[in-house]
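Next, two complexes with subunit A in common: one pairs it with subunit B, the other with subunit C.
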Partner chain A sequence: MASAEPRSYRWSMPANWWTRNRRYFFYVVREFTALPMALWLLWLLYDIKGAGSGAAGFQPPRSAAFVAFSAVCFLFATYHSYTFLKLAGVIIHLRVMDKTVPPRVIVLTMFGLWAVASIVIGAVLIGFAR
Partner chain B sequence: MAEKTITIKATRFDPDKDAAPHLQSYDIPFADDSMVVLDALNYIKAHVDGSLSYRWSCRMGICGSCGMMVNGTPKLSCSAFLRDYWPKPVTVQPLNNFPIIRDLVIDMEDFMHKLKTIQPWIIRKQEIPLGAGEHRQTNAQIDEFRQFSQCINCMLCYSACPVYGLNNEFLGPAAIALARRYNLDSRDEGLTKRLPVIAESEGVWECSFVGECSVVCPKGVDPAKAIQQTKLDTTLRFTLPFGNRD
Partner chain C sequence: MSVQATRHKTALSHLFFWFLFANGGGLAALVLPVHILVQGILGPLKVAPVVDQHYDTWIQILGNPLVKLYILVLVALSFFHFAHRLRYLLVDFGVPAAKSLPAQAIFYGGAAAITLITVWILLTTAPLSLG
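The block that comes next holds the complex of A and B.
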């Protein structure tokens, strides 16, 4: 006679798993920052669509609440970018002249490129505004 | 002078009697600073309660059998020193994210199945005859995969991974790290055989880079690195011209 399958206790993830470890918490914060940023970008796309029908159609929100929301999104975007670029050394595996590029060099390069891109985009936007 | 003691709270679960696991406390002598959690469990089994079940073998962090949650953190119980916890109690539980068979013993069947799917051995399109000599490798070629070959299948990384905890269809950190170990090996030609498993949605793309797998690894393997680098490699293979070459 075939023996019955031994019974085991099925483990399940508690809903508060992300509060039990500091690194889990910051991981969830990192992932969460993408949500307000996505909402802000959707709003930006809506503004761009309005601008497509002429200057009259471009009505960017100027309320204090939206400015505050944008400031929060900026902080979230900065945090998200920082955490992403900090991990670049883990993700990118480069060999130059038959030698592995140290992760630290990759991370610093990424932060340098981030700074350059921010300055260029900022200059272009300010230039257009004038 | 009273004997120094430490309290061990261990999970007990008898599938024939208990509906759910519960903790049981044991006060045991703590006379030697070199005692580890596994020594405490062995003391309980030998002197207090012979019915306590747990896995162990080498006692020196090599076999990977004695992984448990020690005060909520996945650790090899042979490498967790009691002196780091005393005088507070030490709570020893089975590894998170796995079914519990009895007490501290988990069911690893899911991992064993996944391990086979990534074919963790050197695959050659055509074997070189023995008479042709060894497969020679330079130190640089060995350094490419050396750290991933240190994995001892202890399951601490699966236990620390909330992605696996939420979706156990995920291939998981150790299996992907081992797949990368063979994919980076200059002797191996099995990448295209492993890709259908590691590059699918429940493979590397399920990982959202929590990174805890690399933090808890007792052998210094970096499974998070293996997973992210595999994501990059598979993306480049897919997007670059001639990227799908063998």
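The block that comes next holds the complex of A and C.
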């Protein structure tokens, strides 16, 4: 006769589940992009705070290590942009004059907005420089 | 009656955090790559002149109230997005505790704390100027 004690089954994902499939891997990369972007924004706050110490104590970021760090963050940030804006066609549902806007049009609009925002911000950051 | 009322109750907190998550992700997607490219790579390598490479231009642009507001919105929304993504990444990696209330307090509380620190930095670093 079997034991009266109920046996429970606890299933858990193996730790390396995300390395077993290309789609899983890129899903984790997409979620992970938040960390380097957060670190870069924290650096931006540090850079802003540095301006408060006055002209004498101001050290503009110019080291090779900082450029390397930024290059890595740039790759992750670009991947975040590509994946997030590509999803816009699934997330955003628009109706104009009783007709549903095709998802492809929404995605193209978002990528167009990305280009315009990049040009405007780049122009401000470079145009107001000395 | 009370069952009906419960069934139709709007998940306001879910709506609130989803709003922050979606808009933070969208804003970061639209503007963060160009900030990193220009301020993190082109400026330090002297490929292009950039405002934060010189004290006078950096402090002048930081004094603009629109710039202060832009930086605050960018940091606040982005960090709520990051908090949400990293919390669920931990869940995906087999840390169910990341779903708990203390974990939510840590992640979203951290985003709120960084928002407050940003307000303090923006108010104390460069005096307001419209020039």
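Basically, the second predicted complex is superposed on the first by the 118 of 130 C-alpha atoms of A that agree within 3 Å, B and C clash if a C-alpha of one lies under 4 Å from a C-alpha of the other, contacts with A are read in each partner's own complex, and residues count from 1 in each chain.
As a convention for this text, a residue touches a chain if its C-beta (ideal position, glycine included) is under 8 Å from a C-beta of that chain, and two chains touch if they have at least 3 such contacts.
All of these numbers come straight from a predicted model, not from anything done at the bench.
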A:71 touches, of subunit B and subunit C: first, second, both or neither? second
Contacts of A:129 with subunit B and subunit C, given as first, second, both or neither: second
Subunit B versus subunit C as contact partner of A:31, first or second or both or neither: both
Subunit C versus subunit B, contacts on subunit A by residue: C
Touched partner set for A:22, first subunit B, second subunit C, both or neither: neither
First (subunit B), second (subunit C), both or neither touched by A:13: both
Which superposed partner A:98 touches (first subunit B, second subunit C, both, neither): first
First (subunit B), second (subunit C), both or neither touched by A:49: second
Set intersection of subunit A contacts, subunit C complex versus subunit B complex: 13, 18, 31, 91
Subunit C partner contacts - residues on subunit A that touch it in the complex: 12-13, 15, 18, 28, 31-35, 37-38, 40-42, 44-45, 47-49, 51-52, 54-55, 58, 60-63, 66-67, 69-71, 73-74, 77-78, 80-81, 84-85, 91, 113-114, 117-118, 121-122, 124-126, 128-130
Contact set on subunit C toward subunit A in their complex: 22, 25-26, 28-45, 48-62, 71, 74-75, 78-79, 81-82, 85-86, 88-89, 92-94, 114, 117-118, 121-122, 124-126
List of subunit B residues in touch with subunit A within their complex: 13, 15-16, 18, 20-21, 72, 94, 96-101, 107, 140, 162, 165-166, 208-212, 215, 222, 224-225, 228-229, 231-232
Sites on subunit A touched by subunit B in the complex: 6-11, 13, 17-18, 20-21, 23-24, 27, 31, 87, 90-93, 98
